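Both complexes below contain chain A, partnered by chain B and then by chain C.
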Partner chain A sequence: MREKKKIFKILAVVVICAAFTLLVPKLIPNQYMINIVNNALLYFIAILGLSVMLGMGGQVTFSIAGTMGIGAFFTAIFCVKLGWHPLMAILGSVVATMAIALVLGLALCRLKGSYFAFGSIALVHILYNIMLNWKPITGGADGISGIPKLDLVFYSCTTKENYFYVFIVVAVLCGMIVGRIRTSSLGRSLASIRDNEIAAICMGVNIYQTKVISFIIAGAFSSLAGSLLAFQNTNITAELFTFEQSAIFLVMSMLGGIESTIGVFVGTILLTVMPEWMRVLASYYKLVYGIGVILLMIFMPMGLAGLVQTIYKKIKRRKKAKMKASGVGS
Partner chain B sequence: MIIQLLLSGISMGMIYALMAMGLILIVKAVGVLNFAHGELFMLGAYITYMLTVQMGLPLIPMLICGLILFAFVGLMFMFSVYWPLRNASWPVTITISTLGASMVLKELARFIWGPFPLKAKPIISGALSFGKITLEYQYLFIIGVSMLLILVVFVLFEKLYIGKIMQAAAQGRYAAELMGIPIVVTIAATFMISTCLSGIGGWLSAPLFLVSQSLGSMALKAFAGIVVGGFGNITGAVIGSILIGLVESYSSLFTSVYRDAVVFLVLIIVLLVRPQGLLGERISEKA
Partner chain C sequence: MTKPILELKGVCKRFGGVVASDYVDFSVYPGSIHALIGPNGAGKTTMLNLISGIYQVDEGEIHLGQQQITKLPAHQRSRLGMGRTFQAPRFLQRANIRENLLIAIDLKDQTGHVRSFLGKGIVGFESELKRLVEVAELDLDLEDDITSLAYGQSKLLEIVRAMLARPKVMLVDEPAAGLNGNEQGRVIALLKLAAAEGIGVVLIEHHMDMVLSTCNEITVLNFGKVIAEGDPQSILHNEHVIEAYLGRKKSC
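Then we have the complex of A and B:
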């Protein structure tokens, strides 16, 4: 029964992914919208890193936009200034960001709870300041432009649709990796830290090490997203990686439900595409958005995934009650 | 130069301290990090701008009207952002809800007062000068008013009965309720005092800067001050904020573009060397 359920679940995910992949470029006629969907996919990859830290580990972090920026700028520097191949640049920037995240993580993860959140806020501001002002390396306020198009040896991206296909493959792979992490011993250690740190220590979980590892994983995902963003936009500036962006990432992850990969996906897509649907609201959009965030937290704190789960549980309970009432259940 | 920087540093630090105290009061009372605090500060600047420039009220009536408005904003804020979520299973939800509130407040200010920065009237102009050194009165005024307010908060929370009630409500809500303390009233009062403090901070700092939506980002310095000083500790928050103000103002001696980076670097260094803050005590966690 359980195996069957699992297979069914995997099948459902595969079908949805396939449908999404095949239908979206056909349904969206203009390049502009595809660009937005592409951005949403990149944000999804970055937020997967956040979901490892926040959803599994319970650590509120604002550093995601910062590490995303590190990845993007490394890629830009490798490609434009050193002339590396795009594939090499992506790999190089992910490795480099992981190394930086290791150092930052070793420092930041000594902090607990709210202190960690503060530390990550400070970190994202420092990184933004450096990106904005270190002219010889990051190009200052103009950023770096002239990043070549993504070229994956056997598949080179020329149109936005090409990017879309690459991004969705990467996004699905990353989603699978995170799903795997969730059921691994690392995921369980993180969950135990989230639920009760002292109990986790008593169970022999090395809290510090686990947090650092999750910070590095978050850094890796966000840096991958940053590199791909650099290739898609062909120019990057520090303005893409602000504290506000990190706050938006947090909201995106909470909208869908931080504990489920599919929830994160839905939340990201919704929040990235929504501004386009809400063009009628024009300048009222941000106001409505802010009110929406508050209402969301009040009425469904665990996001859409949480809502689905409660409804599912309710239906199940009702079914059971019905069965008992008719005497079948006994 | 050095003395002028000292003066501006301390006065900025005092403004951060006003914000930091408001933040700490809310953290102590309900355990929530208020990310909309900077926007409440900004709203304070806008409201006083409205009262002084647009309506032309003199100082004393302006202060009275301003305080009433601040308290009202605080009440509204508490009942819309915090109260519906007080029993939430996950504390992160309240944090996110205050993030949403910060956006709402920013947009409201943009609708009411327009997107362009406004120039506020100086509260007090002129300067003292000794030879080469000039000390502007407005900095001295900021320091004076802030010191007074800090003193008031101290007396209120450490010496008076009402402060004890608030502390009791913060320490154990259930036990306090059993003792007959009206929780809603105390929490509402805390929010009102907190918004009044940051609103006055906004009023004081409006002449130094332009009144714009970006004033909200000042709260980050107050956050930094709180952490440097030691979390959950009003004295620490005040000292930490003044330190942050001084670091910020003296960093302009050797860098102009990296000022924010220097401030936050100091924050991270303090966090690494003394995670509990300068004045914080290391309290062991309860299981």
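Then we have the complex of A and C:
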């Protein structure tokens, strides 16, 4: 029964991914829209890190855009100033960001609950200001331009479609990694921290260490996204990695359902594409968006995925009750 | 004589002016059930929190087997074999039953997160669980939400969870509180199984008939002090104990 369900789930994901991959570039002839979808995929990769920290560990963090920026600037510096190969640059920037996340995490993860969230807000502002003002390294307000196109040895990206295919493969791989984390001991340790800290330590969970690990993982995913963003845009500025961007990441993850990888994906796509659909609203868009977020938090705190799950569980419970009733009858 | 698996030596804990634990000594032997009893507020649960490391002692020493664990944080004590249950069951509310049980074993065999990520699963979980669930007479669907369990079931499951980790010492805080007679019987069966497997069980319980029928050794606390120690029969007739529970007869 359990195996059957698992296979079904895997099949469903494969079909959705395949359909998405094959259809999207055909349905959107417009380069601009493909760019938007590409950005959504990158945001999804970044938010996967958030889903480890917030979805599994229950730690609200605004640091995602900051670590994404670190990854992007490392990539830009490695490629433009040091002339590294793109693959080396991606690898190097992810490793470097993880090292920085380790140091930052050791300090930040001493804070608990809302203090941790406030600390991460401070962090993202500090990182933004460093990127904006450290002219010799980050190019100041102009940022760094002239980043080469992504070249993966056997596949080089020239069109937006090329990037789309690369991003979707990376996104699916990252999604699988996060799914695996969720069902491994790390995911359960994080869940225990989220749900009951006293129970967690009595099960042998080192809360501080586990939080730092999740912070590093979040840093790795977001820096990978930043890295790929640098290649796609060919120039980056600090303006891409603001506190507002982090807040949007948070809303994207909440809309789809922070505890589900597919939910995060849906939420990210929706919120990235929605501004394009709602052009008619013009400056009223922010108003609709704000009200939407409030309603979301009140009526669907676990997002779309939470809604689906609640319905599914209700059906399952009803089925069980029915089976029991008929069992008694016969 | 066997060596104690858990040993407290002169353990003190003060909360401001309140002395919750006043130079307490006692030893728990492997395979025995050791009851901590005493009136409300005697410092029984505080004692469990000191042993499991949720509080740190002010003075004194705690030994687990040969190892001094006085200064170790709770999670390390747990990994060394300190299991416990709580007065009000503590589970991961948003996880299912399977995850709630696996978390108990995850960090015990030092597998590490990386190996778990690579799919090196926990060996023997299902068979071990089946054995314990049979004793506890629980009918579980592991994929169900933990919140779907009734109160009695969750109290029993918490003991099962603690035993799954194969602890050296198991601290059990009022396992029978609020349970009916049948469920109490299943709690006793579980505790006896734990003792039979060589676990040193520390039991806090208010049901005296349960304490008398299951325990090998009883320590009576009052205002954080040990006022009596011994086997069930001697405790029943101990003057200090009678006084603490029933009050002193006024001498006329």
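Keep this in mind: the second predicted complex is superposed on the first by the 315 of 330 C-alpha atoms of A that agree within 3 Å, B and C clash if a C-alpha of one lies under 4 Å from a C-alpha of the other, contacts with A are read in each partner's own complex, and residues count from 1 in each chain.
The rule is short, and it goes like this: a contact is a pair of C-beta atoms (placed from the backbone, for glycine too) under 8 Å apart; a residue touches a chain by one contact, two chains touch by 3 or more.
Note that the structure is predicted; figures quoted are calculated from it, not measured.
With the C-alpha superposition on chain A as described, chain C and chain B fit side by side in the combined arrangement. Contacts of A:V205 after superposition: chain C is touched, whereas chain B is not reached. For the three-chain arrangement built by superposition, the Cα-centre angle with chain A at its corner and chain B and chain C at its ends equals 80°, in steps of 10. Of the two partner chains, neither chain B nor chain C is touched by A:L48. In the superposed model, A:I236 lies in contact with neither chain B nor chain C. By the document's definition of touching, of the two partners only chain B reaches A:I294; chain C does not. Within the superposed three-chain model, A:R188 lies in touch with chain C and out of touch with chain B [touch as defined at top]. Partner contacting the larger number of chain A residues, of chain B and chain C: B. By the touch criterion defined above, A:N196 reaches both chain B and chain C.
After overlaying the two complexes on the shared chain, residue contacts for A:I144 are found with neither chain B nor chain C.
By the touch criterion defined above, A:I213 lies against chain C but remains apart from chain B after alignment on the C-alpha atoms of chain A. Here chain B and chain C sit at a least CA-CA distance of 9 Å once the structures share a frame through chain A.
Residues 196, 198-199 of chain A are contacted both by chain B in one complex and by chain C in the other. The part of chain A that touches chain C in the complex is made up of residues 2, 180-181, 184-186, 188-189, 191-192, 194-196, 198-207, 213, 259, 313. The residues of chain B lying in touch with chain A in their complex are 33, 35, 80-81, 84-85, 88-90, 92-97, 99-104, 106-108, 110-111, 220, 223-224, 227, 231, 257-258, 260-261, 264-265, 267-268, 271-272, 275, 285, 287. Against chain B, in their complex, chain A makes its touches with residues 54, 60, 107-108, 110-112, 114-115, 117-119, 121-123, 125-126, 129-130, 132-133, 196-199, 243, 247, 250-251, 254, 283-284, 286-287, 289-294, 296-298, 301-302. Taken together, the chain C residues at the contact with chain A in this complex read 52-54, 73-76, 78-79, 84, 86, 90-95, 99, 102-104, 106-108, 111-113, 116-117, 143, 145, 165.
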